[in-house]
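Here's the structure, in structure tokens; my notes come after.
We call the chains A, B, C, D, E, F, G and H, going by the order they appear; numbering starts again at 1 in every chain.
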Amino acid sequence: MSEHTRPVGDFARLDVDRVRRRGYPEAIFCEGKTVSQVAAIAGALNDDYPTLFTRISQEQAEAVLGVLPDALYDEVARMVVWPPAEPEVSGVSVLVVCAGSSDLPVAREAMLTARYLGRSVELLVDVGVAGIHRLLEHEQKLHDAGVIIVAAGMDGALPSVVGGLVSAPVVAVPTSVGYGAGAGGVAPLLTMLNSCAPGVGVVNIDNGYGAGHLAAQIAAR
Amino acid sequence: MSEHTRPVGDFARLDVDRVRRRGYPEAIFCEGKTVSQVAAIAGALNDDYPTLFTRISQEQAEAVLGVLPDALYDEVARMVVWPPAEPEVSGVSVLVVCAGSSDLPVAREAMLTARYLGRSVELLVDVGVAGIHRLLEHEQKLHDAGVIIVAAGMDGALPSVVGGLVSAPVVAVPTSVGYGAGAGGVAPLLTMLNSCAPGVGVVNIDNGYGAGHLAAQIAAR
Amino acid sequence: MSEHTRPVGDFARLDVDRVRRRGYPEAIFCEGKTVSQVAAIAGALNDDYPTLFTRISQEQAEAVLGVLPDALYDEVARMVVWPPAEPEVSGVSVLVVCAGSSDLPVAREAMLTARYLGRSVELLVDVGVAGIHRLLEHEQKLHDAGVIIVAAGMDGALPSVVGGLVSAPVVAVPTSVGYGAGAGGVAPLLTMLNSCAPGVGVVNIDNGYGAGHLAAQIAAR
Amino acid sequence: MSEHTRPVGDFARLDVDRVRRRGYPEAIFCEGKTVSQVAAIAGALNDDYPTLFTRISQEQAEAVLGVLPDALYDEVARMVVWPPAEPEVSGVSVLVVCAGSSDLPVAREAMLTARYLGRSVELLVDVGVAGIHRLLEHEQKLHDAGVIIVAAGMDGALPSVVGGLVSAPVVAVPTSVGYGAGAGGVAPLLTMLNSCAPGVGVVNIDNGYGAGHLAAQIAAR
Amino acid sequence: MSEHTRPVGDFARLDVDRVRRRGYPEAIFCEGKTVSQVAAIAGALNDDYPTLFTRISQEQAEAVLGVLPDALYDEVARMVVWPPAEPEVSGVSVLVVCAGSSDLPVAREAMLTARYLGRSVELLVDVGVAGIHRLLEHEQKLHDAGVIIVAAGMDGALPSVVGGLVSAPVVAVPTSVGYGAGAGGVAPLLTMLNSCAPGVGVVNIDNGYGAGHLAAQIAAR
Amino acid sequence: MSEHTRPVGDFARLDVDRVRRRGYPEAIFCEGKTVSQVAAIAGALNDDYPTLFTRISQEQAEAVLGVLPDALYDEVARMVVWPPAEPEVSGVSVLVVCAGSSDLPVAREAMLTARYLGRSVELLVDVGVAGIHRLLEHEQKLHDAGVIIVAAGMDGALPSVVGGLVSAPVVAVPTSVGYGAGAGGVAPLLTMLNSCAPGVGVVNIDNGYGAGHLAAQIAAR
Amino acid sequence: MSEHTRPVGDFARLDVDRVRRRGYPEAIFCEGKTVSQVAAIAGALNDDYPTLFTRISQEQAEAVLGVLPDALYDEVARMVVWPPAEPEVSGVSVLVVCAGSSDLPVAREAMLTARYLGRSVELLVDVGVAGIHRLLEHEQKLHDAGVIIVAAGMDGALPSVVGGLVSAPVVAVPTSVGYGAGAGGVAPLLTMLNSCAPGVGVVNIDNGYGAGHLAAQIAAR
Amino acid sequence: MSEHTRPVGDFARLDVDRVRRRGYPEAIFCEGKTVSQVAAIAGALNDDYPTLFTRISQEQAEAVLGVLPDALYDEVARMVVWPPAEPEVSGVSVLVVCAGSSDLPVAREAMLTARYLGRSVELLVDVGVAGIHRLLEHEQKLHDAGVIIVAAGMDGALPSVVGGLVSAPVVAVPTSVGYGAGAGGVAPLLTMLNSCAPGVGVVNIDNGYGAGHLAAQIAAR
């Protein structure tokens, strides 16, 4: 048996060396795993191994809570966090900007991820570009942030506007909110990759976890 | 022989009835036609049959000018206009908003089309969303327009912002300016179709003629 | 708190300034919102704030009607309208042309939107191009309209034919009716963007609301 | 050596058995072949082996004519035909309908193919749906045809309209005429596959040869 | 009211003129229609108006049978046929070749359509190219057919092989059988459009009705 | 009746000649077949006709087990194997490498297929490239394998790394594990086709059966 | 005239306020601009307005050098930099990792951009995953970097491996190096968006400028 | 300096350890490299380092021959091989099957690659499925091969037929021969991935080198 990995049953191999190697723990992506697999992984954790369970279903979450009753479960963000205590804050601040209410699950997944990786995070909602004044009211808040995460679906135009206003790096996360041509998040993904403002790094569609993790790394000091 | 159409050689059939039926003359789309075909069509026109030659190459334009020496040739817009005199202005005004300098050929094709269909047209350039203040400086001009054409490539975010500011209808024309993911205008096309501001009608990529024509019809009174 | 926006809970921010700024109220796109979010928004409205709830589910609609019992609910168009009284009519008339019976939900969403934004609207159904005589019987009605909305799925060929017959602008809305190659509305969307008749502005697939809104803006006088 | 095939150099193997097996000779698709390969194939033919060289370049055609000086070369259709004499006509008649002048090369390739496979063929040009009256003037001609080939680019709407008017089968060939969304013939291909009129069989984009061959088989009696 | 169309409620307009104009009756595509709409259409038919209801659900079929108790219902092909008596046979014979058992619903829809439009039809199943000898055993049957319909999913290679063996036209219908890359029928559709054998006309994915209709028109004499 | 095929009802034709011709028996792909069709096929087998039922549902599997009670059913791999005894091992060994736990169903289908075609197979799980040390720990095992199957979703990067380490051929099978851009396995499929290490042959997304079969053929001696 | 923008001819409007607002100057994207437009922009600059000309052609570069003879021209990176003196270094260090030699132009564009925005940058070439030991030799260098840019084409697997080794954020830039399926950079783009290692932000295909700019912002202290 | 890699200028790092590690030398992919880079790499080789230069242009090839005058240059396959002597043959035989003459460059690249990696290779041309008898004439040759490479464009149907006839593994390489829908090799790629015959491993479009390399590894004994 390796000193770097910890086997769980015959189906998984926790990368327990990751905190030492990368500074951040491995997360458990729950989609495509059975309820009993997720529960077995929860059972293999111990207190000093902080873990985020992402894209967790109601049924999977209940199984984890059966094993780790004190874990934090956020249904909107589809996350379980263990241990539930927020880590000490370090680094610069992260601001999560959310274009519309339908983008909230992704924005919230990003917020919780960055917070549990040790960053101070604030959330700003419903400031889409169709009413640009709603965003400009918050221009100071945008300037004060160390890193900005922007979650948007539909036209995905918000990161271009935000990126053009600030000097902080922008992490853009397209959401699958929308329909018709370019549905499933393809339209905002392409918009963000083609942002006419520089300073925008893009993660996969609906990948709030990835956005929050990248922002936490950028904000580390 | 029909009273509605006028044959040109054995390859074309001018829809000379179109002005009576629709109020606007047929245009000649020159891509895919030979130089001699375009010249033959020019030769079949007479003074009371106003015509726009669109997407015309240098070589085709010279052939048309050989037949119609007084015609107007705009190299940037790739258009020849016959007869060259601007028609009398009617209807409300059209404002063409152009995101970047590289979008100018499309914006100019739209401008000339609307102008030669009888509208008053003004052009506003280089007001992309990466520097949103450049656009907001012109907010009054946006409010005064009867119809607004927005030409943009890259992220194509400009129509969403403009559409959210005004009550006039917006005709959005994506341009093929850009590269990489969603190149060839696919990215701004999808952005515009998914505009989170209503009131935006989209035409095909680089279709400045179509944008100008639609705007002229909307602006008719 | 801003004078331009009205917060609803911690998840939404109504753009109450929009009527002043754009002349038309904000609509509430209900897909991706929870039932309680939609109800909370309904509760934040008052009589002088006219609102369209679009793409509303049966369950969401019932929640809104619990808060606004007099609101109009159209199940086919998936809309709730508040207040239910039709506004006074102004502007030129809007004609909605619907290719097949399966396109009716989209056509009806367009019709209600234009009507509640203050336009006179008529609906013409089942006049697809496979039996072109069905359309040509109504040629006078097409000529009389101020703006024409065409909703079509499958081959999406109807706007090209209509656009070639009239001088009024055409708003084309592709529907997701169809299957196989280009399913989900991609085939009619591409057809409409490539219309060989000019004067056609396209909105997103199944976007009856957008078509109706754009038509209302065009028809305003 | 096989009795079914005739080798040409070390790079080709003529399917000389095809006329016996299928009733129609093999054609030589010239794209991707070198000039000397095409010439070598021409040299391997003899009088009783009728052959169509398709998609032939100017340079390749000259090489074939060097070997078979009496062969017919049609530059527009990019074809060389050997032997040049038209075969005796049999079967019902074929009508080729061409939406716009830019579709002529494809329409002409279809016409020549059907003619040299022994059918009577007529060509009707520039009758696109943007001026539907141009088509309806020819309704009797459409009703009289045994098979109709329709070549169209852009919106590709013509086969739906034609298919709805006649009882004869329609062979639809999309052309790569057009630009922007669905360019390269994708838009008309999807339109034709989704024709709301039945009785439409589709061949590949720009495949005039395939359209003419299929029509010739359908028209055989 | 027109002599060409018969209204059904306010949602449909039967093209009752189609038999006179095209020689074949209109079919009712049931997807996207409500049960009560389909039943109302059934109620508007009379004995001399033969009709195929295609893509009919179990629930829709029962509603039609409530109105037309003697109608024929084929659950595999998802069709209801009215009147149930097969019409007199005319024209040449149609052979339906089906690559695998999973393609049977589409093949059967094609078979019933051609049969109820008056053709003699035979069905050959499970002769895919992975065991080419299964097909070659039936070579005589292929040569005897007047028209051949080939239904295939997965690699869609069967029409190329069949087309290379016979002189009759081939109607190729790709099915949505398959998974992974090019799923939903895209892979066999592209294969068929690129058939290296000529004489293959393609209809939309899973469009057994369209394949049967086109074959019936080709086989008419 | 043919000596090569055995009919089952009127819907299938077993290719019983395949073992003689190819050395491997035909498999039954169960998706798209009815429960009774699958059961009928099971009933047509006899002891000396070894068969794999792939992509079998719970309900289909129970029907097969009703006919062949001793058959082996593996729910994770969605396979039923008949007869259940493993064949004698021959050829070189096969190693199945699985990037993440969510890829296990595909990896297991590959493993069982190769095993029941007579190969010795071992499985290595959860060795994705995000923790490259997990893979490098097993470098000796990689070098010892005669053929390596790599199953991976998400970025699909594992076959490139494995292929760069060994001289054995690699069979890469992309899985549909993932979401967002390139979902459904498109992203790992493209990655694998573009592997910068040579020696990688790719099968369709989620095609564990195909991967196992190809590996068994490669490993035969 | 605005205090925020400086007009150049009638085609451009320099966003001279950007340094004050964002801390970084505007760049001039030269593709799609004429030689004289680029030269005119160069003429409108003065010493205290640092500018990067990106994607500049040989001919455009010569025109700029005619106006600004001391400017730095890097032909491989297709950039002209003005003024040519490197700014003082601040922030943490940037490491550019380049998978293959063909990716060098993009990697070099990233390197120059970050350097001229004031960062210390090092470049590591030809360390693709097909020979993973080439990368692991440099593990210490990877751990020491403040930000890592990874440029890769083909399978685009390198960012996943690098991201799994370090705690610094990774900026991934897919290149258009490759061919066949997913050509033009689509394959590596999708790979990078689906990276199984977190901490990877993606920019558009071949967007070395964007990668360098984002890295410079991240590395600012 | 590493013992595993050999630097060439500042742009490349030869993986000289690869023969020891993988048993096969690294190839030099020449597209995207400058002429002087390719020449510099050639100059860094010595006699015991066998190397294939792939996708080499005429100009690059001449530069290599300037450095290594005895190297073998195959213009059709776009390869330079060093040293030119064929290695001793080992392993089982490889058969390259080529659907049409236009696929020859890819087939020849595969043939040379396998031959210079030490295998016995034979080539069979112009045996596409439109004339299936041409293939069946060679059935014995197919059965005798140890590995079969199939190169095909257009419909890409050949590997399915070949795979159904033999027990040897099939390496399928789609070519970019074809046009229209699925052009650039997409159609045959999808066909091959969806082959209804098992035992087919696919490489990237036009990747003759990859096909030959994989076949050589499979054929090794």
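Observations on the structure shown:
As a convention for this text, a residue touches a chain if its C-beta (ideal position, glycine included) is under 8 Å from a C-beta of that chain, and two chains touch if they have at least 3 such contacts.
The UniProt protein names, listed by chain, are A, B, C, D, E, F, G, H = PurE domain-containing protein.
Given the structure is predicted, the values throughout are model-derived calculations rather than measurements.
Shared contacts of chain B and chain F, meaning chains that touch the two of them, come down to A, G.
A centroid comparison over C-alpha atoms places C as the chain most distant from chain H. Centre-to-centre, using mean CA coordinates, chain F is 43 Å away from chain G. Averaged C-alpha coordinates give centres for chain D and chain H that are 35 Å from one another.
Residue positions of chain B touching 2 or more other chains: 100, 130-131, 164-165, 180-181, 186, 189, 193-194, 204. Pairs of chains that satisfy the touch definition comprise A-B, A-C, A-F, A-G, B-C, B-D, B-G, C-D, C-E, D-E, D-H, E-F, E-H, F-G, F-H, G-H.
Taken in their complex, chain H has these residues touching chain E: 99-100, 128-132, 136, 154-157, 160-161, 163-165, 178, 180-182, 186-197. The residues of chain G lying in touch with chain H in their complex are 100-102, 104, 125-127, 130-131, 133-134, 137, 177, 179-181, 183.
The residues of chain B lying in touch with chain D in their complex are 2, 4-5, 10-13, 15, 17-18, 26, 29, 31-33, 37, 174, 176, 184-186, 189, 204-207.
Remark: chain C residues 21-24, 27, 164-169, 171, 189, 193-194, 198-205, 209-210, 213-214, 217-218, 220-221 touch chain B in the complex.
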